[in-house]
Amino acid sequence: GSSTGSGAGQAGAATAGGIKKGLTVYFIPKDTQNPYEVLADQGGQKALAEVGGKVVVSSGTQDTATAQIPSIQAAIQAHAAAIVIAANDPSALCPSLNQASRAGIEIVSFDSDINCGGSPNHLFINQANTQQIGTSEVDLLAKQINSTGQIAILSAAASATNQNAWIGYMKQELAKYPNMKLVTTVYGNDDPATSLTVLQGLLSAYPDLKGIISPTTVGISTAAQYFDTHKDVAAKIVLTGLGLPSQMKSYVLDGTVKSFELWNPSNLGYLAGYAAASLASGSAGMQTGAAFKAGSLGSYQVAAPSGTTGPSVVLGPPTVFDASNISQFNF
Amino acid sequence: MTNPADTNARLVLTNATKSFGTVRALADGSITLYPGEAHALLGENGAGKSTLVKILAGVYRPDGGELRIDGVPVEFGGPAAARAAGVSIIYQEPSLFPDLTVAENIFTGRQPLGTLRRIDRRAMHRDANEIFARLGVRLDPAQPARGLSVADQQIVEIAKALSFNSQLLVMDEPTAALTTVEVLRLFEVMRTLRSHGAAVLFISHRLEEVFASCQRVTVMRDGRFVRTAPIEELTVDDVIRSMVGRDLATLFPKTVTAAGEPVLEVEKLSTAGVFDDISLTVRRGEIVALAGLVGAGRSEVARAIFGIDRRDSGTVRVHGRTLPNGDPLAAMAAGVALVPEDRRQQGLVMAMGVDQNVALASIRRLARFGLIRRAGERALASSWSARLRIKSGRLRDAVATLSGGNQQKVVLAKWLARDPALLIIDEPTRGIDVGTKAEVHRILDELVGDGLAILMISSELPEVLGMADRVLVLREGRLTGSFSRAAADETSIMRAATGQDAGAAA
Amino acid sequence: MTTDTAVRPVHRFESLLRARELGIAIVIVLVVAITAVRNANFLAAQSVQQLLSGAALVALLSVGETMVIITRNVDLSVGSTLGLSAYVVGDLFKYQHIPVLAGFAVGIVVGAVVGAVNGLVTTVLRVPSLVVTLAMLYVIRGVDGVIVNGHTIDPSAIPRAFTEVGYRTLFGVPWLAIIVLVVVAVAGYAMRSFRASRDLYAIGSNPEAAALAGIPAGRRVFTAFVISGTLAGLAGALFLALHAQVDNSGGLGYELTVVAAVVVGGVAIFGGSGTVVGAALGALLLNTINQALVASKVSSFWNMAVAGGLLLAAIAFDRWLSLRVARGLKSARGVHRDV
Amino acid sequence: MATRARRPHDDVNTDARRARWRSAARWEVGLVVVLIGVLVFGAAESPTFVDSSTFFYLGINVGYLAIMALPMTLIVMTGEIDLSVASILGLSGSVLGLLWHHGWSIVPAVVVALLVGALGGALNGILVAKAGLPSIAVTIGTLTLFRGLAEILLGSLTVPATGDRQFPAALTNIGVAPIPGTQLSYTTVIFLVLAVVCGVVLHATPLGRAMHAIGLQPEAAQFSGIRVRRIKFWLYVVSGVVCAFAGILLTLQNSSVSYGAGTGLELNVVAIVLFGGVSIFGGRGTVVGVVLSVAIFGALQMALTQLNVQPEIQNVITGALLLISVVVPNGGEAIGRLRERIKRK
């Protein structure tokens, strides 16, 4: 389900602020180096600063659940008010998060949800409605290759939760385009070198490829760089997916990539920060329809659980970037 | 005593001392070498000969003493420095680079260069061949050193030393692994070197070689200079007396005993390319010697019997029970012990203490409830090192710090501690001084007296003739002769070993 | 021994040595051929170029690694070094706008410094290099992380002229590949023809003997490490040129890939023997395998397993080969020297 | 011939040095001092360090690593190495997960997972001990192979997947609750028990003595009737089983598994073992040292995370510690040599 109160300005029935001062919120990104995550954390810091609390960013250097667990423990021992986590693994973190929850810490997941079968009960801050991301990317590509030809997906790690969820919806959406055929999905593990190798293999395996969707920032920028340097390929194949404007700008401006999408990661963190603070202050709950203010983003409502996703708040529809607007974004 | 001021001496070492931790390797190393002489350095195992050599080589820095070359005091910072000063060395243990070619081994760091300082391989091989010609051996300069037999390795070492054509040549037991003929050739070369005014320092435990090739002799005992004298003023007995500091019991104390029932029965033992159709029997209370030239495959026979190498065909029975193929543990259980040829690589764990080495083969017996009894281990070691008069610091000291002879005794102790029924012993006295040699022989004789069966591999005919009840001769992996103690003599054995008139060889 | 018994094994030995590189080359051809059958497109000029440029970086690293391993040492820090150099260069492009050539220079310097540290600790303190470089692997990656601090160098920050090295071709050969080929050729020739480089083999073949022979082992090993580091640094710059972006993860986990390539290339892991050409071919083989798997439409889930299996096969093959050599020698020595 | 087994230190002087510096006593004492230092630092700097839960968490975080370090210690003692440990951990976890996903009950699934570990170890063993291939190369190969197999098995699946039943709570409990009445995590106790076993075997039994001999001089060991190949083979099998066991523990601890579990941990394990004072050349080292090393790394990680020190810095510290651990023993010698050199000049 998608939230009615999506996007800024559109104020639903919002409770007036009432957020406690001096809250400590642990932000646990996938790792401390991923630029996307760093932007999100900064958003969170901004939010907490506005409500007179503070953010502790803690995680490992690599995207593994085991590297995040010590951070959760630290949060518990530090009696943090809330944990905002981007899960490297949907279930591996559940035991630790359950402990945190039992210790009275509010659990908020963002960017990549956990899947613990309802316990701990937590709020998922969704960058955009999962289904919407999947479908919109297919539509975006369909427009550019007028709905015909072979297409492939260049994803992150084979076990990456988000990407797998989105790919699931992409496949559903593809049913609408009988002439578009998904030939394969390859995994670049969010490593430029690997991404490049699999991309090259992809190209020689499917000479008639018309389009590639890469729902991960590393994947799309690697592919874009390759296209940029092999115009003949770029001429035949359309590339789209999820990317950071800062990384993609040059490719969009020189026409290598027509359009791709993303949301504003720092807004995502900002929203997560407010959600966590509100939950911790008891000024908002997780029940469907519960609303809270998210500073400059306006106010949001908790969307009803659907499928595997529990109570969630949706940041808003992803922004589509193209030559016309890309220069306006700084992330 | 040496006189540092001696002007026409090529090398003068005076009162050199060297200690390793507690071990005093060298208490007073003194020697004078004159141009054009071959000078023998003699002494028991552990007398300090190699240590002295390593000081001349710049491997060790002496704790005290003075070294002069051509009258000038020198201090070597390392082997390179010694080499630069014109000292070239043949070390006791061959030190080749298995992955490099024979020629590269000879010319390491001194390869002839072509344009742009590139190595000129053709020239290098040519030079190598010249040296081999001088030594009268044929080795391919282009073949890798890996796989060279012990003897061939020694040849390459000698060639390396000669390639410096330096005025000072030091040879630490170069002949240990050589055949008679090669030894004779080496003496030729020494003679030519001397005629060009080079000084040669020659170390060997084979006194006959010393008397055949050297003009002067320096004797050391317990790390101290004992005496230097011209060879003609000395008899073998003088030398031995000053080496061991006492009169020596006979070298081959052989008491002939009646052989009992067969302990080891080998039938039609064969391994492709190494040995073929070997059948032999060793009885209780007898020593059977395996004679032959180095490289004849005797060690391989021993290894196959003990189970280190798998045999292609044939059977090995001990006390009538057939031994499984390639299983040393089973052989040991059946009462077989093997004192291998290469004590540093095969006989001992160099970094372990004397005690642990002695106990290594009996360790299971020393365990109670699966746990090793350290006390029992130490007791075993100390009793055996007493019985064999092993010269070592503390029993805990790494055997690496023992001299060759004492190391050999440790290996013996390790196997005798299992009181085996059959002792296979490969080159029991290679590189061992006369004193220890006599002891080892005495020990072997006692053991046989107590009913042990011994299969002895030896390249030294006197030893074979002196100790064996029966002599088997191996040539190119085949049994080519079998002699009773009475029938065995040098000529017939050499003939069997070489397959030609031994007159040429002996 | 008689000349013929001596000579025969030698020729066999050398021919086998040559066959060592040849063997890998053949395997590569086989992999390509088999793949081409399933997908003719695999032979297209483009994919051949990709095979070369894809292998280039690891090949470059394996050259330095070979020199180190030949001395009976190992350098596990190459991956981290590559990452550090790549980011530093990118950072200077982004904020200092340094000229293109300076970019390469910086990369090389960064690498050389790391190599020097590895070399010093290993030789002066006589510490097993595996431990030293394992530690450096962590230290450098950590330092890199501190510098990177969650930022990323994106294409817009990098001069076009620099990234062109990553994709421009000369007579259809990618510049990247040309640079690496030159390095391999030079290194390969040097390793055969100069005293210093033969010393490397000697040291790895028998350290004690090397000391007795008066070889300046410390200096030689140090040099090997510096070269390895330098090449890793250069590889870092090329990494940036190729991908036009880098964050903290540049070269993550390369160390084992490189060692694998070197081993597959027939370099003895315990030193003394092997050639840089072989190692480079090893790198090419590994990359060829990876791309062949995707190109022949094998589910990408299979890549790793197959790559691992082939790696083991290569090692076993190498063993079999050297056993043949040994046997050749032994049988040749079966006859005792004539007296 | 004068080829040395790949071991610089049968040169007597090197030996003397190592014997002196690497002598267990000194080494373990040093580690104890470091450990105390870390604990004091933690207690002083981090308000939550002395919290009773710290010890439990420590067990959770390093328990499975520590368990893998034990067989690694034995293998390194014999002069070999096993870089495939983390991949075996991942593979056995994946097998467990897959079988669970397909509705197996836990016990047979665990048994099969252990069996797979044994097979993986056996493969290493055959290639290293029987075929005589260099273990570092072989286990890099199997590292890739086993991880690849795990990927084939689970692919993009994370178990328990949506709709799957959860792993039995009684077992996954080890990840959240200490042993009743204590602050010990189950992994800690399992590790300590295994450590004692390893220690006794290595230091007090003929088998352990054999391992020392093999590590120091394989040929001499063989000539003493030690079954070198057999011992090495079984060590790899044991390593396989133990790492599989660690994989199962990790899976239950996280109550989930995906094929990437434990990727890249092999080098951490090696680092722990080496820091524990085990010589990479084999033949020297103690289990006590490794236990201390585990404690140091674990405690340090806790303290630094609590203090919210950048993980990058933590990497630097890990590496620095490892460096120091080898530099200190050799430093004195080096200075001595330098002085010599200067004297000569």
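Labels A, B, C and D are assigned to the chains in the order they are written; within every chain, residues are numbered from 1.
Definition applied: contacts are C-beta pairs under 8 Å (C-beta built on N, C-alpha and C of every residue); 3 or more make two chains touch, one makes a residue touch a chain.
Since we're looking at a predicted model, the values are computed, not measured.
Chemist: Would you identify the chain whose Cα-based centre sits farthest away from the centre of chain B?
Modeler: Of all the other chains, the one whose centre lies farthest from chain B is A.
Chemist: Looking at contacts between chains, which pair has the highest count of C-beta pairs?
Modeler: Counting C-beta pairs in contact for each chain pair, the top pair is C-D.
Chemist: Just the number, please: Cα centre separation of chain B and chain C in whole Å.
Modeler: 43
Chemist: Calculate how many whole Å lie between the centre of chain A and the centre of chain B, each centre taken as the average of the chain's C-alpha atoms.
Modeler: Inter-chain centre distance comes to 75 Å.
Chemist: With centres defined as the mean C-alpha position, give me the chain A-chain D separation in Å.
Modeler: Comparing mean C-alpha positions, chain D is 36 Å from chain A.
Chemist: Where in chain C do residues touch at least two different other chains?
Modeler: Those would be 141, 145, 205-206, 208-209, 211, 248, 268, 301.
Chemist: Can you list the chain B residues in contact with two or more other chains?
Modeler: Those would be 95-96, 98, 146-148.
Chemist: Hunt down the residues of chain D that sit against at least two other chains at once, touch-wise.
Modeler: 2-3, 151, 155, 264, 310-312, 315
Chemist: Hey, which chains are touching each other here?
Modeler: Listed in label order, the chain pairs in contact are A-C, A-D, B-C, B-D, C-D.
Chemist: For chain C, which residues count as touching chain A in their complex?
Modeler: Result: residues 39, 41-42, 44, 46-47, 50, 54, 57, 141, 145, 148, 150-152, 154-156, 163, 166-167, 239, 242-250, 252, 287, 290-297, 300-301 of chain C touch chain A.
Chemist: Which residues of chain B touch chain C in their complex?
Modeler: Against chain C, the touching part of chain B is residues 57, 59, 78-81, 83, 89, 91, 95-100, 104, 108-109, 111, 113, 117-119, 137-140, 142-144, 146-149, 151-152, 179-181, 273-274, 293-296, 475-477, 498, 500, 504-505.
Chemist: Please output the residues of chain D touching chain A within their complex, sorted ascending.
Modeler: 48, 51, 53-54, 57, 60-61, 151, 154-160, 162, 166, 172, 175-176, 250, 253-264, 301-302, 305-306, 308, 310-312, 315
Chemist: Under the stated contact criterion, what part of chain B meets chain D in this complex?
Modeler: 20-21, 61, 75, 77, 93-96, 98, 145-148, 150, 153, 308, 328-329, 331-332, 338, 340, 344-352, 356, 360-361, 363-364, 366-367, 370-372, 398, 400-401, 414
Chemist: Going by the contact rule at the top, pick out the chain C residues touching chain D in the complex.
Modeler: 72, 74, 76, 121, 124-128, 130-132, 134-146, 205-209, 211, 248, 253, 256, 259-260, 263, 268-271, 301-309, 311-312, 315-316, 319
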